[in-house]
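Before anything else, here is the set of structures, which you'll find just below.
In the two complexes below, subunit A is the common chain; its partner is subunit B in one and subunit C in the other.
Coming up: the complex of A and B.
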């Protein structure tokens, strides 16, 4: 018991340090402006907050629509037990993207302007509408958990009757949103490095989001199983890993096609910063995960699966940072590395996400009770209770 | 009537009178640096003794206007591309996307604006000419309708083929611009990053943006279709299972 308490205080301490530094950086950002709080410049107008908080944040929230589509559109009932937590992860993810935008936008009080000031030709206009609409959809998809807690039956029934239209809207909006983040860069063919510039960018962004959504759900399940002493639904997560593997395979084909069509061989086989970053991203984000996730032994081991999916997520983050930062450095002939206050705000937002998830999962029925107590053999996989997992470690 | 400015690099003497006139017009301080910034909307760059005046190109189909989510940029009928800070939400996509790297940002302000040349739109509306053109003592910048300027540029190239590099920069670049350049050498040797397509850059996003309405319609239909089929299949399977059970029960009862 004592060891556990120590562990908790360690993470507690980390959390509070992040919060204190985050509050300092927040005050700096909103009293002295973007110039004081960031390393952004006219040459590098988008930095960590766009590259990580927004591009990665939206992508990592993709689990919500992937699982919702599996459960309701494809009628795969077995994924139902992980749906609420996937929806919660996605909902919090989108809320945090909006928080990040409030930091990043020069005039955040005008954030609502796209509602009444239209420019349908702009990809950013599409992005803005997708954020607004999909956050609303996620809020509605999340609301039954709240209604259930408050025992409000009528609104629960109304939402339930709207489930299918909501899920369809959610899938459409997500497809548009995930791909549009790639489309943002279609307009800079002369600025973005050829390794990353491609007319396929929207499709590549969408595919990698589909791959990383289940990966995030797996990581979230693994971590919350440790935090809440739940069992891991390994049989579900291991089947879900196939979604990641297949999406990454399609991604692989599309990227190889790009390499051939855009004649990228001289770029990727030269010893330059960009080519090294590309290979790192491609190995970590695509090749290694495919190799690991197609191995059924790894897929069925909870730790193996966790590590494999963690690698998928890291590769995904590398890709987004490469497109948004690395790929633009040679054109601007200026480097960009985030100021510590930028990093601190990002950590602050991530920490808030973790705290919010913990709080909500504690008080709302995010994890269905029947799953918590179930210890059965399903489809040949044994569901191991978390207590036993801990026993193994001790 | 569309106006523009013809800039003849061979005539610029580097007196910076245009910079001063521009600073006065915008109430900006006069600076020692000669590069575009949040307080400098025109600048005369020195490329080893060749002076290159820079300012917003006022594209015919501006990338900034295309990417702005709230339409804060607008190509006016008179030619200038103007910016409305009251619409702007500060996403800085314009800065990221501009093929000529023109828009700058007031990074140190709490209510920051994007800054760039507006070809003195207010003056043009009153029938006057832009401040920088008025101030230029060497006629390195001349103001006129775009047709006039193209004629003039062609005439200069034809009359002095040994002086000019035979290319009017801005005629086709990025779909054409209201600012045209004449020079004695290609502009990529004078600090212009030119690998620009001859179509407006918005062409590259239009291709994907135009698919959205179709996608929503077809995607939505397809998803409902899949839902309908999988749901029906599930129901059928359940009914078949029930039927089987009932049959087996019947058999058992009969046997008994």
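Coming up: the complex of A and C.
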């Protein structure tokens, strides 16, 4: 038996520090309330937890439905090998969004209310149901990996027979959910800065999610190839990058249409904080990724693709935070900046996501077997000494 | 400010990670590893070898990974580029499937089996020196789906048979270099060190004719 290496790595140490601080902040949040643990107020009730943990978390989990739709609806079988890891990322992403919601809700014990207290006219109602249903769909899509590990063949067959309905349900629910998060901000036209307010918000949110899904799958593949010493599926990922590029191009057209229709020129060309943030978001999240990902040389290079997709993800995060925080700052004048305990909870949730992915990918069949079995050749080799072969003098 | 703060935090994490990875790579480079040893030729016991110095790893799926053996990686010296046939191409045994380039010259490796190219290792195309540092693990070059695995493996070598063959090949190479050395080098030192040990990367110093002879005698024997 192998002796486990207990040496603490740099990121291992950082993880445990984040966990300790996160546990302290969690205790503070649930014993002393939101007032003690956050800088949120009645003026500014949604901060980092909603802006980053929920809005970005849901968007970054979009890889699951994009890849599932590609494989089962568009019949692009070549993406099948990356589907399990995309599903796992999405499943963990949604679970962590729920965890973040529990932190953010003033009365988290009422989180189940939308199940029986229906208010179909509310966007929040739609969001709540989409989260519940899509997390259930993701759990079912993820379950074959668990059944395979436990060698439970019957449940595995049942889930397999349900694959197509599950994927269709997942795609519908994701589409509804990604767009309804944008719809949420349609109810605050007087509060949200004109640069970001648009009746196209649901479409913009959906399109940016479609673009960032493949980007997140690429980053996840890159990081797991490093962590598990497996080959990265560059030929698949470089083709997938085209999805990001096309979705961003459509996004670009819609956003330009918004700028023209809503006559945003005076806002975007003024030297204000909002306009600078808009240009940063637009450059990092749309223009630069389109320029990089339409270049086939960059798409085919492992590092080039990783950097391009990382920029896409950063731009996406900027967009969600601009809509949920930057765009509301000038109206509310609340001067919101998260308290350190809020930041530590966010880091805690992200760290738990990384740890859970690592643990599950290590023990369940998340990656294709051809790559897995190569790990076994670290022993069983013979060494021929050069000196033994060439011992005689020339 | 929150958006900028989040962005800055992520960028700092990426920078720190880059530095940590760099430091780790440096540390790993100093750790002695048998597979990376420069003093010995390594033969994995579970790998098949073809007589043209390519290895094959038979996978669960029946497909094979193909790369060049430790002998080639030790004698060739530097590698500037690797050219590979495209994915999806059907290959016949004995036809060239990939080329290892060193400056203007190259070694064309014949396919050890009949089949179809399923995948190409992008890492070796991007950093060709991987085949020198780690020929058997990360240095695989292509994945082939053989037409008939059963008949193909009969012509390949494995275990003791492979190690006997490689010993013989190394001896043959030593004779080859002793024979050819005076033609491209007035003194034997650049190629043969004390005790008759072949200097690593000896082919880097040979002239075009010797290179071609090597290709003919060792790589294109099928």
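Just so it is clear, the second predicted complex is superposed on the first by the 362 of 394 C-alpha atoms of A that agree within 3 Å, B and C clash if a C-alpha of one lies under 4 Å from a C-alpha of the other, contacts with A are read in each partner's own complex, and residues count from 1 in each chain.
Operating definition for what follows: a residue touches a chain if its C-beta (ideal position, glycine included) is under 8 Å from a C-beta of that chain, and two chains touch if they have at least 3 such contacts.
Keep in mind that what you see is a predicted model, and the values were worked out from it rather than measured.
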Touching A:310, do we find subunit B (first), subunit C (second), both, or neither? second
Just checking: does A:302 make contact with subunit B only, subunit C only, both, or neither of them? Give me first, second, both or neither. second
Examine A:113 and indicate which partner it touches, taking first as subunit B and second as subunit C; both and neither are also allowed. first
Figure out whether A:337 sits in contact with subunit B (first) or subunit C (second), or with both, or with neither. second
When the two structures are overlaid on chain A, which partner does A:51 contact: first (subunit B), second (subunit C), both, or neither? second
With the two structures laid over each other on chain A, which partner does A:232 touch: subunit B (first), subunit C (second), both, or neither? second
Using the touch rule from the top, collect the residues of subunit C that touch subunit A in their complex. 1-7, 10-11, 14, 17, 20-21, 34-35, 37, 39-47, 57, 59-61, 63, 65, 87, 119-123, 126, 136-137, 143, 163, 166-167, 170-171, 174, 178, 188, 192, 195-198
Show which residues of subunit A lie in contact with subunit C when the two form their complex. 10-11, 47-48, 51-52, 226, 231-232, 234-235, 277, 281, 300-302, 310, 314, 317-318, 321-322, 325-326, 336-338, 369-370, 373-374, 377, 380-387, 389-394
Per the touch rule above, subunit B residues touching subunit A in the complex are 37-38, 63, 65-72, 87-93, 95-97, 99, 101, 103-105, 107-112, 193, 195-197, 201-202, 204-209, 212, 215-216, 219-220, 223-224, 226-227, 230-231, 233-234
Partner subunit B, residues of subunit A touching it in the complex: 30-36, 40-43, 45-46, 69, 72-75, 105-108, 110-111, 113-114, 117-128, 164, 168, 171-172, 175-176, 179, 183-184, 186-191, 199, 202, 331
